[in-house]
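Common to both upcoming complexes is subunit A, partnered first by subunit B, then by subunit C.
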Partner chain A sequence: MTTEIELRNIQKWFGSNQVIKDFNLTIAPHEFIVMLGQSGCGKTTTLRAIAGLETIDDGDILIDGEPVQHLKCSDRDIAMVFQSFSLYPHMTVYENIAFPLRATRMGKADIDKAVKEIARILQISDLLDKRPSALSGGDMQRVAIGRALVRQPKAMLMDEPIGALDAKLREQMRAEIKRLHVKQGSTTVYVTHDQVEAMSLADRIVIMHDGKLQQVGRPEEVYLHPANLFVAQFVGSPVMNVADIDIGTADSATEIRLQGSEKGFAFGDAALTGIRRDAPVALGIRPEAVLLSHSKSNDHLSAVTTNIEPLGSHDIVDVKIGGQTLRARTESGFVAGEGQEVWVNLDPEQAHFFDRESGLSLRKAQ
Partner chain B sequence: MAAVQTTSERALNKVAIISVLIVTIIFLAPIYWIVSTSFKPRNLATTVPPTIVFEPEISPFVKLTLRRSQLREQPTPEEYAAAPWWERLVFDGGEKIVRSGRGEVQLSGYPSRFVNSLIIAITSTVLAVAMGTFTAYGFSRFKMPGEQDWLFFILSTRMLPPVVVAIPMFLMYRAVGLNDTHVGLIILYTAFNLSFSVWLMKGFIDEIPKEYEEAALVDGYTRMEAFFKVVLPEAATGIAATAVFCFITAWNEYAFALIMTRRDAQTAPPFIPSQVGSGLPDWTVIASGTFLFLLPVAIFTFLLRNHLLRGMSFGAIRK
Partner chain C sequence: MTTLTMTRLDPQSRAARRGMSDISIRNLFIIPTILFLIIFNIFPLLYSLYYSFTDFRASTNAPANWVGLANYRELLNDPFIWTNFTITAKYVIVSVAGQVVVGFGVAMLLNRDIPFKGLITTLLLLPMMLSMAVVGLFWKLLYDPSFGIINYVLGLGRFEWLSDPDMALYAVAITDIWMWSPFVMLLSLAGLSAVPKHLYEAAAIDRAGPLYTFFRITLPLVAPILMIAIIFRTMEAFKTFDIAYIMTSQPTTEMIAIRLYKMAFQEWQTGMSCAFAYIVLIMVVAITNIYVKYLNKVKER
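The block that comes next holds the complex of A and B.
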């Protein structure tokens, strides 16, 4: 199962609404790709287009170099796991898993062997005689994955396969999907709106917004070097702080001033190399790069805490500087309550700069 | 929710049960009347006040199914002794069974009318449900221009009382030679039921999640295979319900059957009252014919009762 999938210039309209805009992506063999985006961003439509459940208006879908956009889904040899699982209620678990094999006119004994083998891998052997309605959510999901894997398809597509499960089960199934992928190594495209799922599962994350591809990259790449404001704010929890700033100089050192604030943060020139200064700039900074201190020092600015979210392992503290609020991540209990004065500094190493109009990152790709 | 019923609630419950019982009795009384009359001796059928307790006999059914005529003279004791038990029942009623030259008994008009009813109702039900299911699937799953208009048009064929078109239909049927044929009535009843079947099945198929078929499509099946292997089993409930309704309509239809058929393709509904004929009607024979006529619908509905209760497992799609 060394299948490469390539999407070239995909365009798709629903009426006058363009839902996929000039989409290009090459998915390497064995790769686990996660398409991440809000609902309605076109990620599921893209997935369904790969499966053949949705036609495309323009472009090419290539599987192993062969264009398949004109093939019916039954001829593409791709398996899909649906968010709703879509187990056939009138069939037992065994029949559900055997169903795709029956389409291939495989012998009875071979089908039996394949079904039992996949049931063993997924640890659902004792459920084979049951009806889907008698299963728990997690087991339904295992059966759905089993039904997809049993045929050893060229590629696996998963449309929010664990979105319908509760939080604890979701975590467990996430680990299981990862384990299965490592074991089976099938080329996988996985759609989700949950960035934690995306970060933990993906070899590469594809972030979509409004039908357009925003960024493709390894999880840490997307996290550390977001290509634009949308990616910056979509990936990471809590959300990255974004503030309108002016870049100026004070005492012959470069300074970042939050708009509405009198004073600025001294940034070394090193942190600003390659940043174009001719455009209106927005600063993006993750909460862990907003550093709080109880003691006054020259390079820190005074701020007042407005809100504390204790999360156990750490706290999220909102501080107000000038008119703008920044969220900081501190060790738990670092700030006692709202309305306290703290001293704030930013880590220039982890600062991102974006063109306020286009939203694009001003730092050239590294 | 109150776990313990209060006194007033219990009283209310009793009132409800008693009202339901009364309504049930009112509805079942005519059926009881038909069933009891069909087992009565002829002289007890029309007594005033009605006879409730009597010794049931099956002579009405014998008379219903065999050709018979009035006895001109009493059978001789030898004839009576030689006759089988069912023939004696007819003798007792002052009638005799008509035999052919070779001494074979002949069937009355009823059995062939009953078979006609079965052939016509079953065939038209199968056709209406099958065509309705396909049409409904098309409307449910594919976008087409003027979809709502088409659906309205299909429904509009039911907006006219069917009898309004009886005369033109009769003339058309006479012109093409479909009068008094099975095919003629089958076409007619299929057409009656089709719009109903399309609308009912569309409701059921709309409720079957699209994902089932999509799963089957990516699992390597064509749309046709997905329809037969996934949609049809899921739609079984709807098909059963639609079939029951179509069958009842076709089985009970009276007006067109009366106008369009005379002998060969006549169904039971116009035949049963025609037995009243001239002279003194034998109500026991008419009641027994009606009783037998009630059975198929009752059996059919009973067989499909589980589907009608819609208890199917719509549980494997998580929403």
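The block that comes next holds the complex of A and C.
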């Protein structure tokens, strides 16, 4: 199962609405790709186009170098796990898993062997005689995955496969999908809107917005070096702070002033290389790079806390500087309550700068 | 019991001001229905059960004599009655099978995005809305050997549809298929559109061909509702009277309902025909039971 999938200049319209805009992506063999985006961004449509459930208006889909965009899904040999599970309600678990093998007229003994083997891997051997209606959500999903894996397809597509499960089960199934992928190593494309799922599962994350590919990269790459404002604000929880800033000088040092604030943060010139001073710039800074302190010092700015979210392992504290609010991540209990004065500094190493007009990161080169 | 679960009457309501309690309102709604059922259904049922054990003839003033099971014994030993049953069985099988094939087939054709789907469906339902007698009369004209349009279109010359003893029953069955296929189609269409689209997508991904998908996905999922259509049509076909009686009077088309009619209102063997009616009733109940058992088995899935 060393399948390579390549998408070249995919275009897709629904009426006058273009849902996939010039999409290019090469998926390496054994790779686990997660397509991440809000609902309606075109990620599911792209997945269905790879599967053959959706036609494309322009471009090429290549599987192992062969163009397949004109083939029916049955000729592409790709398995898919649906969000709604799509188990056959009138068949037992065994018959569900055996369905793709029976449909291609495989021998009875071989089918039995394959089904039992996959049931053993997925730990559903004792459910084989039950009907889907008697299963829990997690077991239904296991059966759906089993049905997809049993015929050893060229590639596996998953459309929000655990989106319908409750939070605890989702975590468990996430680990299981990862374990299965490590074991089976099939090329996998996984669609989700949940960035935690994406970060934890993906070899590479593909972020889509409004039908356009925004960034492709390893999870840490996407997190540490977002290509644009959309990616910056979509990946990471809590969301990255974005503030309009002015870059100026004070006491011969470069300074970053949040708009509406009189004083600024001293940033070394090194942190600002290559950033134009004349265009409107937005600062992006993750909550963990907003540093709070109880003691006054010269490079810190005074601020007032406005809101505290205690999350157990850490707190999220909102501080107001000038007219703008920054969210900071602190150890739990660091700030006692709202309305307190704290001292704020930013970590220049972890600061991102974006062009306000295009939204593009100004330090893409790094 | 019922009074406990009943909603209390609003004391401000007009009914309450007229001095009615909620029990009297309940009775007002239920008693007419129950009276109607007793007078027109239950009483005749029991009354005819009594007559089926007598030699009563409605055409004479002679009192009814109790004869015990003699009527039933005589009927079940009568070879002509068995001929009527055979004819009926043949008719039921041909007619219901034809309706299922045609109705389900048309439903399959309609179960996709086609222009004017609503209009086409409505037009196809028209035969079902006509009166049986009217359908029988104008199909008699269509079948006419000298000027009927069917022979003209099929180029059969002067083929005798209704006066040919071997053909007449099938000719009646064809009329029945024409009239009642829309009913099967309507129920099948409801069943087909209830099959979730994503199951077809899953089957396509699982590399199932169209035939395999039809027999393993579509048919099993539509089976329960198709079964209901078959139950209804079997019961109706079993008691067919009007179409066959109007279209032809061949001995080969004498189904049980016609035989029963003749026995009761031409030969005036009232007691005997009551017994016959009871035999038919028991048979219909038995056949329906078999279907319902099967339906429940299908529904379990």
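Throughout what follows, the second predicted complex is superposed on the first by the 366 of 366 C-alpha atoms of A that agree within 3 Å, B and C clash if a C-alpha of one lies under 4 Å from a C-alpha of the other, contacts with A are read in each partner's own complex, and residues count from 1 in each chain.
In this text, contacts are C-beta pairs under 8 Å (C-beta built on N, C-alpha and C of every residue); 3 or more make two chains touch, one makes a residue touch a chain.
Predicted, not measured: the structure shown is a model, and the values here were computed from it.
Asker: Does the subunit A-based superposition show subunit B and subunit C clashing or fitting?
Answerer: Here subunit B and subunit C cannot both sit on subunit A without a clash.
Asker: Once the structures are superposed on A, label A:Ala175 by its partner contacts, choosing first (subunit B), second (subunit C), both or neither.
Answerer: neither
Asker: Looking at A:Met80, would you say it contacts subunit B, subunit C, both, or neither? Reply first, second, both or neither.
Answerer: both
Asker: Between subunit B (first) and subunit C (second), which does A:Thr104 come into contact with in this model arrangement: first, second, both, or neither?
Answerer: The answer is both, since A:Thr104 touches subunit B and subunit C.
Asker: Have a look at where A:Pro132 lands relative to subunit B and subunit C in the superposition and call it first, second, both or neither.
Answerer: first
Asker: Quick check for you: in the superposed arrangement, does A:Ala164 touch first (subunit B), second (subunit C), both or neither?
Answerer: A:Ala164 sits against subunit B, while subunit C stays out of touch.
Asker: Of the residues on subunit A, which ones does subunit B touch that subunit C also touches?
Answerer: Dual-contact residues (subunit A): 51-53, 72-74, 77-80, 82, 84, 86-90, 99-100, 103-104, 131, 147, 151.
Asker: Given the complex with subunit B, which residues does subunit A contribute to the contact?
Answerer: For this pair, the touching residues of subunit A are 51-53, 72-74, 76-80, 82-90, 99-100, 103-104, 131-133, 135, 137, 140, 147, 151, 157, 164.
Asker: For a test of understanding, state which residues of subunit C touch subunit A in their complex under the given definition.
Answerer: So the residues of subunit C touching subunit A come out as 196, 198-199, 201-209, 212, 216-217, 220-221, 301.
Asker: Which stretch or stretches of subunit A touch subunit C in the complex?
Answerer: So the residues of subunit A in touch with subunit C come to 51-53, 72-74, 77-80, 82, 84, 86-90, 99-100, 102-104, 131, 147-148, 151.
Asker: Using the touch definition up top, name the residues of subunit B that touch subunit A in the complex.
Answerer: Residues in contact with subunit A: 209, 211-212, 214-222, 225, 229-230, 233-234, 236, 312-319.
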